[in-house]
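Chain naming follows the written order as A, B, C and D, and within any one chain the residues start at number 1.
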Amino acid sequence: MVLLTTEPLQPQQAVDAVMTDSDGAYVQFVGVVRDHSKGRNVTGLEYQVYAPMATAQMEKLVVEVQTRWGLACAILHRYGFIPVGEIAVVVCVASSHRAEAFEACRWAIDTLKADVPIWKKEFCPDGTFWIEGDEAISAQ
Amino acid sequence: MVLLTTEPLQPQQAVDAVMTDSDGAYVQFVGVVRDHSKGRNVTGLEYQVYAPMATAQMEKLVVEVQTRWGLACAILHRYGFIPVGEIAVVVCVASSHRAEAFEACRWAIDTLKADVPIWKKEFCPDGTFWIEGDEAISAQ
Amino acid sequence: MTIRALFFGHYRDIVPSGEWELTLDAPATVADAATALAASEPRLADLLSRTRVAVGADFATAETPLKDGDELAFLPPMSGG
Amino acid sequence: MTIRALFFGHYRDIVPSGEWELTLDAPATVADAATALAASEPRLADLLSRTRVAVGADFATAETPLKDGDELAFLPPMSGG
């Protein structure tokens, strides 16, 4: 299950999507907008998204977790403006085998950050910055 | 923050205990009572606890996560009877560094299972079993 | 052929609408489209060295052939999550 | 000295109240307490081979000395989480 939305994210939605009565556990990664980034104060983020490809890429991650680990995975990503303290991304993997659930969840968030076409624009007291990988580029 | 209680667990309570505006993420492990265990059907679990030591051991885990990884950690464990589908344990680690948060969360749940004095009693259609490590011992 | 080029990240400050309709002589590849864009807008000259590309919302390469109606996206290093 | 032994897991089926007040001659260790328990209840003979022990809610060993009023817990392999 994948969800790309401008609405606030509910982590429980990802849990409900993956858990059955035969699963003994889930591992969840939740990314939140924080008040600083590499020394810059941040008041909020705007996520820009290439929606059809981002959805397709997130779906590929879910399929890959199912194929490689045999585990159910759900990914939620919010876009548009997100204030500090609110949730930007949720990855949830259900499992009766916790070693694999940790591994799969970590792989999914790492791969999402590299391969899902979403970009942060940081709003800071001293300006606005496009974040492209490790680089911050002053925005107009 | 640690909590040992007979009441239903709220994962968000662990999140609220560890997250500040400067944390960019959290990793959470949630263990749920499942409907089977090594081939046995399970209708519910009763967790028995040596409370003063379990609390002290959970507090040691929280301190150890702070010392080794510099990360805030919260652990909730329920005891008494828990029906299938309900939450037995929550481990939450806050972090701006996700590699370390995954590692610390996994270490905490692994160590909890080995060193926190709590025992499962499984209720199955064909009897009741004490679970001691990997062993199931028929209960009276 | 006519294709639609899409821009993200700081390239949105160069192409504010985020897209550019481009007419190319067939046959043409992703690299040909990038060359045509750089000729029209010098600030797009670094496109291929700074972005990955997707054709039809699928990762592609500089050598990927284009056909009429294709959607060609230039994707700077991503920063979701 | 008098100590309180605590039992968990399937040992609760042997000692349903979960505890046993035990009088020992000083000096005594955890091993001495286990020997006294096994003498009173043969089904407790495997205690030291099947459990870890804690004195005062801290992990201890068979050689840990006991003092009057101590709480000695026999802890089968745990299964929390």
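We adopt the following convention: a residue touches a chain if its C-beta (ideal position, glycine included) is under 8 Å from a C-beta of that chain, and two chains touch if they have at least 3 such contacts.
Since this is a predicted model, take the numbers as computed values, not measurements.
Novice: Which chains are in contact with both subunit A and subunit C?
Specialist: none
Novice: Measuring between mean CA coordinates, which chain is farthest from subunit A?
Specialist: Centre of mass proxy via C-alpha means gives D as farthest from subunit A.
Novice: Averaging only over C-alpha atoms, locate the centres of subunit B and subunit D and give their separation in whole Å.
Specialist: 26
Novice: Suppose each chain is reduced to the average of its Cα coordinates; what separation in Å results between subunit A and subunit D?
Specialist: About 50 Å separates the centre of subunit A from that of subunit D.
Novice: For subunit D, which residues are shared contacts with two or more other chains?
Specialist: Correct list: empty.
Novice: Of all the residues in subunit A, which ones touch at least 2 other chains?
Specialist: Subunit A, residues with two or more chain partners: 31, 109.
Novice: I'd like to see which chains touch which, written out pair by pair.
Specialist: Chain-chain contacts present: A-B, A-C, B-D.
Novice: Using the touch definition from the top, list the residues of subunit A that touch subunit C in their complex.
Specialist: So the residues of subunit A in touch with subunit C come to 31, 47-50, 52-54, 56, 77, 88-89, 109, 112-120, 130-135, 137, 139-140.
Novice: So in the complex, the part of subunit D that touches subunit B is made up of which residues?
Specialist: Per the stated touch rule, the residues are 6, 8-10, 12-13, 50, 54, 57-58, 73, 75-81.
Novice: In the complex formed with subunit B, which residues of subunit A make contact?
Specialist: 11, 15, 19, 21-36, 84-85, 96, 98-99, 102, 105-106, 109-110
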